[in-house]
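Just below sit the structures, each encoded as structure tokens.
One chain, subunit A, appears in both complexes that follow, with subunit B as partner in the first and subunit C in the second.
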Partner chain A sequence: MVTRAISATESGSADNHFVPSVALGNNPIRIATAIVSTLPLLALGSILVVLFFNSLPAIKYNGFHFLTSKHWNPGNFYANPVTTNGVTHPILANYGAWPLIVGTLLSSLIAITIALPLSVGAALIVAKSLGPRLRNLLGVFFELLAGIPSVIFGLWGALTLGPLLARDVYPLLARHIPNVILLKYFRGTTGSGEGLLTSGIVLAIMIVPIIASTTRDLFLQVPKLTEDGASALGLTQWEVTRNVTFPWVSAGIIGATVLGLARALGETMAVAMISGSVLGSLPTNIYSTYTTIAATIVSQLDSALTDATGLAVDTLAEVALIIMVVTLLTNVGARILIKKVSTTSLPVGRGI
Partner chain B sequence: MQDLVVNTEDDPHKGQPATEPSTIELAEIILNVQDLQIGFGSKVVIEEVNLDLRKGSIVSLIGPTGSGKTTFLRSINRMNDKVSGFWTKGHITISGKEVLSPDIDLLELRRNVGMLFQRANPFPMSIRENILSGVKAHKLAKKSSHDDIVRDSLEKVGLWKAVEKRLSDSPFRLSGGQQQLLCLARSLAVQPRVLLLDEPTSALDPISVEAVENLISKLVPEITFIVVTHSLAQAKRISNHTMFFYDGKLMESGPTSKIFEDPEMPETQYYVSGRMG
Partner chain C sequence: MSNIPTIDTNLFVPRKRRRYINRVVFTLGTLALLLLISPSVWIIGQVLVRAIPHFSFSVITTNGVGLGGGLKNDIVGTTLITAGVGVVAGTIGILTGIYLSQFATGQVAGLLRGASEVLAGIPSIVIGYVGYIALVVHFHWGFSLGAGLITLSVMVIPYIAKTTEVSLRQVPSSYTEGAEALGFKPTRILRLITIKSALPGIVTGMIVALAISVGETAPLLYTAGYSQNMPHLAFTHSPVGYLTYAVWTFYNQPTVTAQRLSYDAAMLLIFMLLALIASSRIIVSRTQRHAETKG
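Right after this comes the complex of A and B.
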């Protein structure tokens, strides 16, 4: 009975006004959207491929111990180049990216640790306690802060904030913080203000507007009905925030944090100016001078171009590949985390 | 399903709660409202509301949109407090305690006076945690009895069998009707004495509506219900007292059968006959 009904309909429509779905494949809008939607993927793929092939000689020459070694010696550019493993290179060239990787991760970690509570707190106050006028005004302020060129942050950090902290704050911290597990890295020599903590703080200031403005929008999207439900159940304002508001936006906050983290990981100019740009050694405490991958690329490119064998530039491409992979991994990790958070708590297309 | 169509001419009490009016008359007065006036800024939203409500009653608040029903309802558990410019005059007392007094323990008030909203509003946590959220906030029970509270509350609303095996799942996968029942169970878990229902079934299908209505009838006389509804049929089916609001005034208040069959005011007559709203 049912089968007959279906076949009748099918033949009927085929005779009269059945539009073959193939026609949609020729639809110019469809083709255009297909092209446009694959562009980001193509861009990402080609960047990775180009970086990989550019760094191939360096990968061959530096080997795996590139990831763990802390030397950074471009070799003698003026002596005759030699060939090892089929790669022509300046004599005595010896590269290791470990301090750059550590510096990149540590400075970003410090920045996120400072920025996350600050931004979420600020966003919560702006979204929940302020009237619409003040909220919009602060929104404009956040956007202004996000728009300041990083070189200005770098100058300010290197010339003003760093020396100030090194003179008035770091010595106090170094003297009074107890000598226990992680806190022991706050002790020791404090330097002149260029280093991990200063750049962590400056990076934090740079990413606060990114995380805060995204998080503020998230807080504003939490349904009032749900928060009211919690208040009506006799929960305190803090309990409502903790039990309803935060879980509702937690996936989004992770997303916002990754945006901020990506900015911190890739930040070049400000870090290059505040890090102290020290190659070939690991930071010994939180005030140590150091360098990051991005800062190394920008500070070393000029001299690397004078390497006639091209190995120095290829090595910079290799560290660029590393930062690329680190950023991608951070994003993938965040996606996994968001998925985990979403499946247990967030509404899935129903009841909202 | 037959209960959904009430023929009041046949039997005016059909589908009404089990509690007989005579037992209600003997019960203590749980809610008293005296000369209540509510406003926002310079605007008066409701005035001249008076009510004596005995324990175990089911009151329906009816009237056109904007007549002040919900504002009245939300002032009983002080949910209007956060609205800027909101003020009240007069008295609302629950079991003798002045609700509108600034000294009242708001959290305790809201534990006693629960609320169900127009749409289900589960919290972003597991079904089990939803039920326990109020219990934990008010520290009503030891951890060891949490399992029993979850089961008991869900059984009361008839949801236990459906969710027994998925207590740690997200509530947002439940149907709209089940979500609303879950919210009811969440309110019941803190053992309220009064439940305020703000159009609790307006977003539900007829079968879920029936489930919620049957539950309300089952939960009296322990709980007193005040229900805002736009469904006259629902008001007739479930309540034994009806308040008709019109243009910010309590136009008429009395036994449901009287309001629907023999109203005094022409506006009430007009509204309950279905010619308005």
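Right after this comes the complex of A and C.
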């Protein structure tokens, strides 16, 4: 029975017995499918072109200090617009993306830190100590987890998890954690539950299916003979895992983690609901409210539309371009990494 | 895989201790697994607990009114958008998958496959933003069903293309060779043998894509817009409501009715998701007899 959409392992090993049907030559099916199959490429190209040309005025006006400045001031929409560097803009408009970039990176970093060890641990158990029946059941479970809409994660994070942690957990942490490097950011005011740590936790849950299911497939792909040989030498199951299994799949796990990172960097709705969406300031500790690039686009586009000069909308195109380039690089990097070391191909997008 | 693993475990450490470490690691792993299972049970449970006690069927049968009313327009809207995505993305995705598995070779295949994978990695809000600029503003479609479903289709085509390609590739070449030996024409082989055998995989890919369209918000906010009226069957110039918007817009409103609607919408989304997963299993087991046993 097929229990999961597609196991990543199957897709790689399928090439062995596959021969393209050359016999079909230049028949209509070939031509029709060839034309249609260029559409995703065209879509990708037009997304890049649209973003680039729409962000040009913003790039010109905001300049390089856009990346380092922390102000977010759309200017006065009601006064007469002025023109600087050939770009018409509302008077006093001043944009900086630094807090957005910091927020995006920090929340994703927290998510990866939580998700990676848990996913690898869980995948280890699923691959090594569970029977096929229970393994399939958990496969269905991760499928469901991957399918839960991000607004529902947001709803849960904002109304259930956040308030609970802010009431019972964060104050304890803030009081008892020692005041040393890095850990000192766990001290200070804990807020209402909307902020970095809460959204990091929720993001972690969201990227677990990607990392865990790929890691499980990688574990199952390690040749049984090699592992059995190691246990015949007298190694315990954990020693076999550490000495044989991990070296075999480590690069693949890094690939899966980077793919999960790309998903966390681009996640929009859940973060917009849990971050507190604060513009123009940097987080001061791990409980601080903040915002990310994606959350800013979704929460600011409405008001940006009231900017008659269009600069506000163009500035959002500029930040969209930044997040797009970053996720493109992480995605392509992950795929190159895993292609080099393994026959397992990485899942597409959300972990399919 | 050329690197031969070097074993750095000291086998002279007492056996008892090594066994103990083994047990500790696997206990930690089990804890990790439980820790991952619990939140999703918690999330779904929480939605049901908050939605069921107040649920009344008027939620399904009335349209939204301000911060209250029902979700009928949103249910119809979500269904319309999802059906539209099924047709548009389904056609394009399956044809792309057929081309990639049967015809494309070398660099062309690599380029198309890469583009599709990269497209799936683009954050949904970026696709939504481009959909807004290109379709809503530039093409003057306004907030509309058309803008929403095309934006969403761009997002899910890679999933359908990928699953179609992979499941077509898994059809054993002995099937097609056998048919060829019997004198079947290549197009008939593709239609009757290859696609039929790959059907379970293709269906699963389609259903994953539909599940994504049911649950997405960001690409729709600025393309489909929002409306509390029943959706018209117009492709352009008529905004459409959808369930995820209700969750997103009502959850932090100060009134109790609004928050309840948010949970109701979340519950309906979960039911739709479960229905899709269940139907995928049923269709797969029905079509399975044409395919060789897999997995």
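One rule holds for everything that comes next: the second predicted complex is superposed on the first by the 283 of 352 C-alpha atoms of A that agree within 3 Å, B and C clash if a C-alpha of one lies under 4 Å from a C-alpha of the other, contacts with A are read in each partner's own complex, and residues count from 1 in each chain.
We take it that a residue touches a chain if its C-beta (ideal position, glycine included) is under 8 Å from a C-beta of that chain, and two chains touch if they have at least 3 such contacts.
It should be emphasised that the depicted structure is a prediction, and the values quoted were computed from it without experimental measurement.
Visitor: For A:141, select first, second, both or neither according to whether it touches subunit B, subunit C, the two together, or no partner.
Guide: Touch partner of A:141: subunit C, not subunit B.
Visitor: With the two structures laid over each other on chain A, which partner does A:324 touch: subunit B (first), subunit C (second), both, or neither?
Guide: second
Visitor: Go through the superposed model and pick first if A:265 touches only subunit B, second if only subunit C, both, or neither.
Guide: second
Visitor: Kindly classify A:228 by the partners it touches after superposition: subunit B alone (first), subunit C alone (second), both, or neither?
Guide: So A:228 only meets subunit B here.
Visitor: Tell me which partner A:242 touches in the superposition: subunit B (first), subunit C (second), both or neither.
Guide: Touch partner of A:242: subunit C, not subunit B.
Visitor: Check the residue A:337 against both partner chains and state whether it touches subunit B (first), subunit C (second), both, or neither.
Guide: In the superposed model, A:337 contacts neither subunit B nor subunit C.
Visitor: Comparing subunit B against subunit C, which has contacts with more of the residues in subunit A?
Guide: C
Visitor: Do subunit B and subunit C land on any of the same subunit A residues, and which?
Guide: On subunit A, the residues that contact subunit B in one structure and subunit C in the other are 230, 233-236, 239, 243-244, 247-248, 346, 348, 350, 352.
Visitor: Looking at the complex, which residues from subunit A come into contact with subunit C?
Guide: On the subunit A side, the touching residues are 1-7, 10-11, 14-15, 17-21, 23-25, 27, 29-30, 32-34, 36-41, 43-44, 46-47, 50-51, 54, 117-122, 124-126, 128-129, 138, 140-141, 143-145, 147-156, 158-160, 205, 208, 212, 230, 233-239, 241-244, 247-248, 259, 262, 265-269, 273, 294, 297-298, 301, 313, 316-317, 320, 323-324, 327-328, 330-332, 335, 341, 346, 348-350, 352.
Visitor: In the complex, go through subunit B and note every residue touching subunit A.
Guide: Contact set of subunit B toward subunit A: 77, 79, 106-111, 114-115, 117-126, 133-134, 137-138, 168, 170-176, 179, 183, 186-187, 190.
Visitor: List the residues on subunit A that touch subunit B in their complex, please.
Guide: Within the complex, subunit A contacts subunit B at residues 223, 225-226, 228-236, 239, 243-244, 247-248, 343-348, 350-352.
Visitor: Touching residues of subunit C toward subunit A in the complex: what are they?
Guide: Within the complex, subunit C touches subunit A at residues 1, 3, 5-9, 11, 18-19, 21-22, 25-26, 28-33, 35-37, 39-40, 42-44, 46-47, 91-92, 95-96, 98-105, 111-112, 114-130, 132-134, 154, 157-159, 161-163, 166-167, 169-170, 172-173, 176, 180, 186-187, 189-190, 194, 200-201, 204-205, 208, 211-212, 214-218, 221-222, 244, 247-248, 251-252, 259, 262-263, 266, 269-270, 273-274, 276-277, 284-285, 288, 293-295.
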